[in-house]
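In the two assemblies presented below, chain A is common to both, partnered first by chain B and then by chain C.
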Partner chain A sequence: MTAPAAPEVLGWWGVPLAILAGMMRGGTPFLFVSLGECITEKSGKINLGLEGTLLTGAMSAYAISYLTGSPWLGVLAAGVSGVGLGLIHGWLSQQPRVNDVAVGIAMIIFGSGIAFFLGKPFIQPSAPPLPTIHLGDWSSIPAVQAALAISPLFVLGVAIAPLLKWFFQSTRWGLFIRAVGDSPDAAKAMGISIFNVRMLSVVAGSFLAGIGGASLSLYYPGVWTERISSGQGLMAVALVIFAKWNPMQCLWASLLFGGAQALGPALQSVGIKEGYYLFNAAPYILTLLIMILTCSPKRTLTGVPGALGTDN
Partner chain B sequence: MSSKKYLNLSRRQVIRGLLATTAFGATAKFGTGCTPSAQTTAGAGGASPAAGGDEPMTVGFIYVGPKDDYGYNQAHAEGAKAIADKFSWIKLVEEASVPETTAVAESMRSMIDIDGAKVLFPTSFGYFDPHILKMAAEYPDVQFFHCAGLYKEGVHPKNIGSYFGYIDEAQYVAGVTAALTSKTAKLGFVGAKPIPQVLRNINSFTLGARSVKPEATTQVIFTGDWALPLKEAEAVNSMADQGIEVVTCHVDSPKVVMETAEKRNMFCTGYHANQVALAPKGYLTGAEWDWTSVYTRLMEDIKAGKSVQSGGIPHILRGGLKDGFCKMSAYGAAVPAEAKQAADAAKAKFMDGSMVIYKGGLKDNQGKEVIPTGGDLKQQDIKLEEMNYLVEGVIGS
Partner chain C sequence: MNWRRTLESICLPVGAILAGLVLFGIFCSLVGANPFGVFGSIWKAAFGSWSTFQNTLIRAAPLMLSSLCTALPARLGLVIIGNEGALVVGGLAAVSMGLAIGTSLPPVGVQALMAIAGMVAGGIWIGAAGALRHYRAVNETISSLLLNYIAIALLNHLVGGPMRDPNSLNKPSTAPLDAVNMLTNMPGTRVHWGLLFGLIACVLAYFLIQRTTFGFAARTAGGNIRAARIAGLPVGKLTIIVCALAGACAGLAGMVEVAAVQGAANESLNVGYGYGGILVAFAARHNPLGAVLVSLLVGGILASGGILQRSHNLPDATVLVFEGLVFLVVLYSDSLYGKLPFFKEKPVDASPPAVTPKSPSPV
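Up next, the complex of A and B:
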């Protein structure tokens, strides 16, 4: 069927464009949560509670942005709320004989519960969203302009990834975190406080995850509802594993996931009718596939912090 | 002393056992202890509604999501608030965000036992089987009204009433408005799941559009679930990229769809509730539920002593625009006079009952005839509630 060729009709080009746009729009929360989890896990602790942190961050950002009229204050509030949850997790998970995975699951429930409870009055109002950076103004095609209207948070996340890599590789503080994560006994011998380092790592990770939540509620999709995260926090935690605890690979993996989320709707819009449930499941299938590809019974994962998930 | 027999148990073990028993009793809410006594009070109260007067009556509403989601739940909550404001003898108890699990059974039970509710409106589709069915059997004096067409005469308990509206009539009118406002008549529909109610809305929207512009098409995108904000936003963005001009939806909360459409300079038509505040530029009109009128009528009947179990209130209440089950949002600024005229004409035909949406000879989008020639299907026709096709002009499956 040939529609009157309006300039804005993209046809099949819409699919790669949607994936590209999805990478930047949908990938941002993945990026922040996975970078945050990367810091946390490097220190030898797991924080599954980032799903709850993501929701609390999304709620606080939306609420503060609505109440003060300043989305940037909202972003800050999201980070601070993340710090709050991080402090709880960091303290609880380091108590003797406390399992950090179990605490994490409790924190998912606590974080989402508190977000739902405090977020009730903010479902209906519209909060001012974050401004976007228009990289697509050179193009006369509105679709391209819309796809390239990227969030400053995305730029921030992309900048943090290499910074974090440098931090782990070349700084003294990065070394502390790695030492605590790989060999707590050696770290202790070096005179580092394991408790403090892990606490700071968990808190920093939660701070980033909270900002990831702000990107959900203040940029894309730009609303606060109870279903806003739909498991993205947990997926981002899994994503750290196949990014092999490498911040740069977290970046690529987040982009991949963001793009995969856009695949289902984009294919339907160009008339691919069959199997949209399958395409909608693309991010999850991708998770499984990469897990299978990167796991081998013969060797352990490279890059895994030595003390991750152990009791000391 | 019987404890002598258990002397080999340590004190700690005994205390543990006592604690465990208490905890179990608490979680089970002393179920056996409470239920019979509640039934007697319900039985005693069963006669009182007929007595009339200004005796207060407790009415319970249960929603599956938040009450102000610009969507399905808000539409019901507005109706609940309206009857509570209107009738001073109604004491309203509400619970929001109740999942479609045994949680809803517990909510119903506590509304009946603790708050003394005589009439319950558990509004979500999935509450019905098995939760409402079980509760209705257990509390035969309480009237349950469920929003959907699931009630079966003779099979289900007598104290259940079901009500549902032909909101696809409003979608038809929205389709007329959308087609005439757009230049190319390329429309879009974000659906949650391909179930009959959603398909019927898509089809009526499309048939409305094609009744005024035969070349009109509706691109459908299914997201896969009732509330997936991210997928809904992606769907609208992909539609914008494909040059679709007007978008509407059938998801639990249309907020994301409306706001994204507004951002992409598209037109939109609303669903469930009025969403003009979310898209002041692009909002054309919308298909809204009008539960206020339905609930008012029901409560007036109940006050007059009628009940669903005695047959005074019909078990199945249905209606469309004409019966006040749904309504249209006011036209937005972008709607041209010609579109308003055509939409008003379509609405007038619904109001006098002469409109038939599903006419004989209708083809689906595979070219197959789904309604035989000459076999017009009226809105009330039960065949329409088993719809499993998309009509000609819909792109998608």
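Up next, the complex of A and C:
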């Protein structure tokens, strides 16, 4: 990924601008996968396979956008491909003695295999990208205009986060998901089908992750290659922990991670070339440090769904 | 006798692999390739002759070592997925050691020190995840996943900057190891000695877990951590030691890749042996000897990538689809133990119901 802004005009001002742009561009896929992972984990399942879902979503979006000429159909196709992978994960990871982490890794291999296999013919052609909303037209500097061209998908993601918070807090279905994730026995006593709720949660989460893939291939970086994802799908799991399973904090965390991702290239473009890759590792180191500081053997994490990752 | 159980534990994995083959065959015919032709090619490329089987063996060696990184902690009930990171730091440490010593020692000594450096680095890497688990209750799955990314960033940083060989233009690399220090092939083959490392490590791991008091303590703690604490087992020490051993195996895989295949550390170090190893461990149900067999299977699948491209015009991602399908079915087959009526023991012998080892779950 290259630095989004051209700081030679702006000098050092390019750095905060690039970080701001990175928050909105690089943060969009983080936002969708982390919200998706949040729904999944609230129901007590872990889906590491969102990396595969993200790639399949990116490929489907690009291919459909190229074939039909409509990027929005591409976004829909990305979501639908996510649903397909989610159905496999949701069903398989709920079989007895099947570990959801293992299924997730198998799904990464399978999903990326499908994406690379079917996506091979689409590496060369260029598909129509999503339209952008130009917030930077007040400025005459092209770099500012480019940095503030935000995607409707970003707006959509920002809107989904509070919606999801309201959904978990104040709706019947939100309560069902939380009950299944916190205390499956109580949920069973309420007459809820644990299998169905988890299935729907995994599928809904994969749908969002697929759309996150669409934002990669149709918005930023806006191409389809086999190296389009830098592990955002896997990072989602860490990000949700970082956000304490709260959709609103998923939003802030995604912005932070997106910005951190842009830090390395931004500094490189103003001449700081040392430690470029170490800056890329910043989000991971940050997550690890925060986990070390907030975890304790004496209590569980606040907000963690009670049945997360257990066998029942 | 228990022959039905034995038969079950043979039939289920074999049946799962066959089912995976059928699904892959359906996939092939959907995309317009002749499935039987594809199977024939895979067989020929992977196991068909001694000459091609050696390609399989070369790929199986790092998988065996890397799978132990997941399989050993799994016996303690931990899900470690930091194989890739441990492999990368192991490779980096081995290269640093090899370059630092150069030719001032006989090659065998250099190789031994490189192996030790790789194992120590990998051991510290995963041992840290174990220590964080024990002292700070940090989920080991997540911390080891994060450590993967940190290791890869470290690799890119060192290879692109401080350790970069100015002669490596297109693909940043460290300076190459001296040719005399490279691991040689076993006599009469194209297969390097790393395969022997893998086999020995798997056999040793099997004995350690199944036949020693240490292994018994680890399995007890994995089965019921509270009971283990009450029995006075040093759970923390067990966690850290087992994790460090596991990391050492993956670190050794990194050393083998560097010293026998790549000759230098570069981005080819993270080509997927890490995540492949995780799947091998789960498919082998965390049995080190089973991991040897599954590694051969996966090595064969990986070795057939080239021929699928050449003779069937299928993209190289085909092997990923194949691998993914086989593993999904193998994981599913785990849930069938004790469910199929044919393999059920007759209820006449009133032995207590056998407990199948539960797959470990992250906390």
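Just so we're on the same page, the second predicted complex is superposed on the first by the 303 of 312 C-alpha atoms of A that agree within 3 Å, B and C clash if a C-alpha of one lies under 4 Å from a C-alpha of the other, contacts with A are read in each partner's own complex, and residues count from 1 in each chain.
In this text, a contact is a pair of C-beta atoms (placed from the backbone, for glycine too) under 8 Å apart; a residue touches a chain by one contact, two chains touch by 3 or more.
Keep in mind that this is a model prediction, so the values were computed, not measured.
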item	value
First, second, both or neither for A:A262, with chain B first and chain C second	first
Which of chain B and chain C A:L278 touches, first, second, both or neither	second
Chain B versus chain C as contact partner of A:A21, first or second or both or neither	first
First (chain B), second (chain C), both or neither touched by A:F116	both
Touched partner set for A:M107, first chain B, second chain C, both or neither	second
Touching partner for A:G44 - first (chain B), second (chain C), both, neither	neither
First, second, both or neither for A:P221, with chain B first and chain C second	first
Partner chain(s) touched by A:I292 [first = chain B, second = chain C, both, neither]	second
On chain A, the residue positions that both chain B and chain C contact, one per complex	116, 120, 226, 274, 276-277, 280
In the complex, chain A residues that touch chain B	1, 3-4, 6, 8-11, 14, 17-18, 21-22, 25-26, 116, 120, 123-124, 126, 142-143, 146-147, 220-223, 225-228, 230, 232, 261-262, 264-266, 268-271, 273-274, 276-277, 280
Chain B to chain A touching residues, read off their complex	65-66, 68-70, 74, 97, 184, 186, 217, 219-224, 227-235, 237-244, 253, 255-256, 259-260, 263-265, 277-278, 395-397
Interface residues, chain C side, partner chain A - complex	31, 79, 81, 132, 134-139, 141-143, 145-147, 149-150, 153-154, 156-157, 160-161, 275, 278-279, 282, 314-325, 327-328, 331-332, 334-335, 337, 356, 358-363
Chain C-touching residues of chain A, taken from the complex the two chains share	46, 48, 88, 92, 95-99, 101-103, 105-117, 120, 226, 231, 234-235, 237-238, 241, 274-278, 280-281, 284-285, 287-288, 291-292, 295-297, 309-311
